[in-house]
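Presented below are the structures under discussion, each in the form of structure tokens.
First chain A sits with chain B, and in the next complex the same chain sits with chain C.
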Partner chain A sequence: MSERRFSIGDRVTVRDATSLFHTRTQAFTRGKTGVVVEDRPPWVIPEDEAWGRDTEETGRVEPFYVVRYRQRDQWPGYTGADGDTLETEVSERWLEPA
Partner chain B sequence: MRRRGIDLRSPVSNPPFDELQRKVLDLRPDPDTELAERLDSPYGIPNEFYAALRHVPHDVGGQPDGPVEYKEKEELDWELRTYVTCECLGWRGVWNSEERRRMENDLGATQYFGLPYYARWATTAARVLINKGLVTPDELSAKLDEVRARKAGES
Partner chain C sequence: MSHDHDHDAITEGEQISEFDVLETAVRELAIEKGLFSADDHRRFLEWAQSIGPTGGSKLVAKAWVDPDFKARLLENGVEACKEVGIDWRDPTGTGTPSDYTYFYVLENTPQIHNVIVCTLCSCYPRPVLGMSPEWYRTPNYRRRLVRWPREVLAEFGLAFPDDVEIRVHDSNQKSRFMVMPMRPEGTEDWSEEQLAAIVTRDTMIGVALPDPQWTAAHAPA
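Here is the complex of A and B:
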């Protein structure tokens, strides 16, 4: 449970898994690669919480991570500064090593 | 917003039901477009169209959009009451915020974008109470009729 698959600084890619009915993993992040910049404590994944299975007994608990992406990698034809970034938070199941 | 001659912004006081229903029908795509055919319970659709239809309404990042006017707006009483009611339902273990957001998505795009923000909350609160057996639809209907009658008496 307390074991985390990723560490700060790891390059990760967001899985492009099929979403049904609800998701907290934004469409624009799917298949995109970024860097883990922050650890967030383990908690029930939204895929369970959204259906009322919101305790450690009823829902699946996973570590969460904040992932930072380059804006340039997110949006085709991005015209802002090269160093512009964007962060999202996801549970571990959505990430793969890049 | 103006669609086929009906100004959706104009406040209509106590409009007749058929006029409102015409406005709802007017939310459908223009009948001359391919989209209208696709949104009329077609026999089959391409996978790409299924993916677009399945996309959850609250996931708006990166969607095409236009400029939005910035407005300062105070919460109205009914909005705050709705907020507090929904939070109390969470506090008493009826639901959680993520469940509410999922249920708002479940309203479907027409209601999701057609209802005011806190009306989405109120609608899903009613739904979760019925769904979990805490009130019955007829109890809720009776209460709504009671409030309507009281409001009619006030005006």
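Here is the complex of A and C:
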């Protein structure tokens, strides 16, 4: 997969998908909407890497993105300031357009 | 008791995690199989644990005095590290003693304060900061920093007005991060070496700010 589905500035929602076995998509980001702020190179996804399928031949390679969320959107009753943000890195399969 | 101070017996640690057991098992198998020796392992650990935050301090001090270097550092962290003698790919080719080689420096500004965490485990920019402090790896810090960042920073003694954005960076995948704090006032005529001394580990995690009176080796009373 070489085409990137998302661009910097796109609003995206993290899928609230099942996570059997290993994933690096934190539960607290599931279903949350943020903005793509950085591209990261295509890597083998952690769901495959965890099983030793850690090369481009054996594992699924996908683009990654850094997504920035407003903390107000992230947590109910957030006690900080309106402008506070959180950034996490997400593989493409976990994102859908918001 | 053979000595006169009062404490609980020193033990191996109350909890041995599954990962501790797994590490020991894999290490012993690898030694039996001859992949490396016990002494190789010991020497590697000694070396890895000897890496401190000096590299990170150098990067920040150099960036403070050299705007061109700062631009290169923000553009490509791995390449810029080589200018201060840190190669993220040495010696294993895959970035050990970190587990990856995408390194991003986060610049603090009057409007944005950055702070790093790994909510999943303990990911940390080890080639530039060495081993992470024990508290960085605790569930307490990892769970609470993303949820209550201002409260956690306050526990470290840091408070920001509401118009400063607190930006939490979770090292949950392959990227590793380090904070570049702002150069404090009163250091205008300082040398790079003097500056590096006040860029302590915690200022590069983002739980402290550099203080001209304060180095890691000499804190004010």
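Structural remarks
Note that in this section the second predicted complex is superposed on the first by the 98 of 98 C-alpha atoms of A that agree within 3 Å, B and C clash if a C-alpha of one lies under 4 Å from a C-alpha of the other, contacts with A are read in each partner's own complex, and residues count from 1 in each chain.
Note that in this section a contact is a pair of C-beta atoms (placed from the backbone, for glycine too) under 8 Å apart; a residue touches a chain by one contact, two chains touch by 3 or more.
The shown structure was predicted, so the numbers you read here are calculated from the model rather than taken from an experiment.
Following the overlay on chain A, a clash is recorded for the pair chain B and chain C.
Shared-chain residue A:Q26: touches chain B and chain C both. Once the two complexes are overlaid on the shared chain, A:F64 sits against chain C while remaining clear of chain B. In the superposition on chain A, contact of A:D54 is made with chain B only, not with chain C.
In the superposition on chain A, A:R40 makes contact with chain C only, while chain B stays out of contact range. In the superposition on chain A, A:D84 contacts chain C only, with no contact to chain B.
Within the superposed three-chain model, A:E96 lies out of touch with both chain B and chain C [touch as defined at top]. When chain A is checked against chain B and against chain C, the one touching more of its residues turns out to be C.
In the superposed model, A:D73 lies in contact with neither chain B nor chain C.
The interface of chain A with chain B overlaps its interface with chain C at residues 24, 26, 28, 46, 75.
By the touch rule above, chain B contacts chain A in their complex via residues 54-56, 59, 61-62, 95-96, 98-99, 101-102, 105-106. For chain A in complex with chain C, the touching residues are 24-26, 28, 40-41, 43, 46, 64, 66, 68, 71, 75, 79-91. Considering their complex, residues 19-24, 26-28, 46, 49-52, 54, 74-75 of chain A touch chain B. Contacts from chain C toward chain A in the complex involve residues 102, 119-120, 146-151, 162-170, 172-175.
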